[in-house]
């Protein structure tokens, strides 16, 4: 009896410890995105993008407290959404570690979008989509896929939507929102050649490669917690090996994707060894790994990773051809990588199609397609409507003058690198 | 019997694991402070401030090894301080995880101060206060509040000082020291208008907003470990949910505070959406959360956070009016936020005054006031005396020429960004 | 019975949790090295060094998957190396957490080298040594020392090679490789005075002290996981206190080393308070702590740390005299510190020579010398041969023009700080 009590207590305690420690690391992905984005924009918009990423975490937490949790995991739910524990009233305190974990996911989903809208998005527009996304749209998707009465978790013949860590729930959703946001906003002034006047495109490079790399490393760091933590328990038999496998798959998939992007870019696209493309390569590989990283053999990650690298380059090309301006390639990384992840996991995972090409395995693939379409459709319709409304109201994009001169001084009064703060008074050049 | 042995072993092991892993993350707060401060000073003093933050961790560890632990948790103590295990001789090896945890706290307390003294403090002065603070002053305060025979932990009628993670012990102490240090040092040359000559104030902006943001994110990351880890055990029933609650409170309180500061600053003070103020807003909210984050309902965090934002703005205004120069707003964040945290926790926490307005609840508030006064008085008298002695000896402040020309080259021979290290030899402007 | 099952399950689960969480933090050392190196090179080679550090992690993971694990811990091994589970086929899924942990070590070993070769190493040369090191040379050394049938783990009279966290296995190996690499490459153009023409040396400062400091802090953060995690289990009685002791030793040893280097440099070498030397001081102290950090009394760390500081300065001087160019002082930190760590641990550790000067204690010292010589010899012969072959093939070093003009634009087409990305359009100087 004493043993039974002890066992229950230990399981809850250690599982919570696991949730909490992975959540804290996942939280740092906000910093990772902030610096990936800050490094990829021009110096005149750096304060602005850092500001948005910082506020993301704040607004997400408040929205997830007010109604996000309620729609995702609140009591009295149905197949579509939860509906209870608004404001965390009547909330079971045993679930606090879970709340924090899922908040960290919501903050990540929201912060994916800011990159695609960088350098031209109006402040109130940003607040609006952040509130809607973390307060309603993302929570409902998590409910569909990850709550036991969600409709995606209850497919035909007992099939469940296969999305272990959120290739679909987090990244496809975030990537779709980023894409529709970038489309509604339109490209930055001068990003593409002007067909009418013939004014050529202006180079729009990020202002700090080291910051982009810092962001990339922090995101890799966070991805291990993101993908490992998605097991959400550590002490049930089988958990620990699954988590180890998830980390291994995440790293290998990221590595194969980076090398794929690196080599193909060198051969066919940029003709040089691009660091920035390699960073996106690692990230897209890890995004694709999310869906099935708990169930891949290590060798199978080569297929997942190489394919994700290809899907990244493909979406990148499409975005370019369609003259969409996505300064961070968020659509290519998260939409391309997320979609590929959902498609490949039913094929390459243990008991997947290449191992057992039976009805059940194909059904799994089909159900993942259904889930992908549902997520894309839901994100497009709700977030797209929001962006369109904002556009019609003239609240989506900053005035032309502000865009050209930069958002930092106008909106925030804070230059990223104020000139007055530089220089010193010593003369000896040998010291400098 | 075997079960009993196993249980004891597991409890110790897992609790130690929890302590150790949170300590490691708390340690990174040193990096967070370093970059918050580096971003907030001018480029000519950047190496200097990074140097101080790095040395902080080193000096703290040695002082905490020599006598800090002895005064805080050493055997043979009384209500005022411990007195044993100097140099960690006769130290119980089972306590190594605890030592490392408390060292991480001491390093954090010490590093709070360096921001307020930035850009003008003499090297030996800095060494002196770091030694005194981590070797004696901070350890005694932790003894009062967190050791079971400390006088603050044994209030009237069984009341204990309510300071779960150190709004008072760490932040009010650090903030008071920062304030008295900034007062003794005096403002940087040109920081305020010169009344005699009428020379106007010189703008003193930090040189890198991204570094300040990096520091802010790393501090948020660290705060979760700081406030969660303060439970110090994970496997006793109730621990895990308390830790989850502490994290939730910390995030929500930080978010409400950031939004409060952001909006009030936009409306009444700077008239723009300030990133730097928002960062301080998040931090002050988290500082205030320390005291009672284990015992707040989520909705109560709105009161804690909004109030901490107000207290930050209030202290900021007072510091400005009194012409004190605190380049990092350390006093406003840590003194203002810490004091508010101690005052609000007996009111808003579960079983606090708004829930049960009984004698015991008011006694708790009174005892927290006593504790706050004791911490302020102790820090002011000891650290203030030290700063005054250093000032009288002429060791507190660098010579005027060094201050004007910058400390980096003169003291360290290392510019933050040596000009000779920049530039390249390629001509094609399209590549740049 | 149920209890027995539960106990086994808990031990495996929690030990895996410990392995996985320390691995994730160790992984961030790649970011630490990246920024220590990026800050220490000139701006024209910054993208290049970040690129190499990012690819390091990718290539390491693939090589460690293909054959690294097989040679290190694969089944069917002998005293020299493992030989099984290539491509992780027939891999026991219970070992996934171990794989990820050892991969993180391999990535760290590999990334040590890149600093010494900075600013002039050819891309294919870098790929080659990374593949050989993480695919074969490092794995065999780990097999010798850390696999139970390795020859170093089975010394005479039951003595084992004393290298808890890898002063020898990781750092001496990495430092030796860095040294021979720097020798084979030769110094950067202008690094030393030209004896023939008399052209004086050119100052070669790193371009960003803050980045170097960021790298230093992240490496300290990682070292705690590296040295604590080397216990590899948390729940066996004795584990937790050993881990706590390891962290304490690591911090104290780093602190003593930093202060030693700082003071000696101020008195005898650079005459100023050098931040960059202090960072290397902390790191060399932590490197030296690796070998015996599980078995030092806290006071003994002063000897370990002070000695490591001296060994750093000594190797630094030798490298300078021999006109070897090691831009990151990787040889001084990792070779000097690693060798000192191996020599001092049999002396200062509990049951070491200063406590019990018996035959067994001296045998331990002797065996550590044997191990050190073996690691140096193995690294020199294999990695040295590789560098020589690459040199003979003309693949080791970039062309002179590329070196002078910088690698970033030529190789990567990505400047670290593209000029076109800077500036804004606002006029009011007060805003800047």
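Per-chain residue numbering starts at 1, and chain names A, B and C are given in the order in which the chains are listed.
Note that in this section contacts are C-beta pairs under 8 Å (C-beta built on N, C-alpha and C of every residue); 3 or more make two chains touch, one makes a residue touch a chain.
This structure is a prediction, so every number in the text was calculated from the model and none was measured.
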Request  = Report same or different for the chain A and chain B interface, where same means the shared residue numbers exceed half of all residue numbers found there.
outcome  = different
Request  = Overlay chain A and chain C by their C-alpha atoms and let me know the rotation angle in degrees, rounded to the nearest 5.
outcome  = 120
Inquiry  = Averaging over Cα atoms per chain, report the distance between chain A and chain B in Å.
reply    = 32
Query = Of all the residues in chain C, which ones touch at least 2 other chains?
reply = 3, 10, 14, 17, 21, 203, 208, 214, 413, 415, 418, 420
Query = Which of the residues in chain B come into contact with chain C in the complex?
reply = 2-3, 6, 9-10, 12-14, 16-17, 19-21, 23-24, 27-28, 30-31, 34-35, 38, 46-47, 50-51, 54-55, 57-59, 61-62, 65, 87-89, 91, 93-100, 103, 123, 203, 208, 211, 214, 411-418, 420-426, 428-429, 431-432
Query = Touching chain A in the complex: which residues of chain B?
reply = 3, 7, 10, 14, 17-18, 21, 25, 42-44, 203-210, 213-214, 216-218, 220-221, 224-225, 228, 234-237, 239-241, 243-245, 247-248, 251-252, 254-256, 258-259, 262, 270-276, 278-279, 282, 297-299, 404-406, 408-410, 413, 415, 418-420, 430
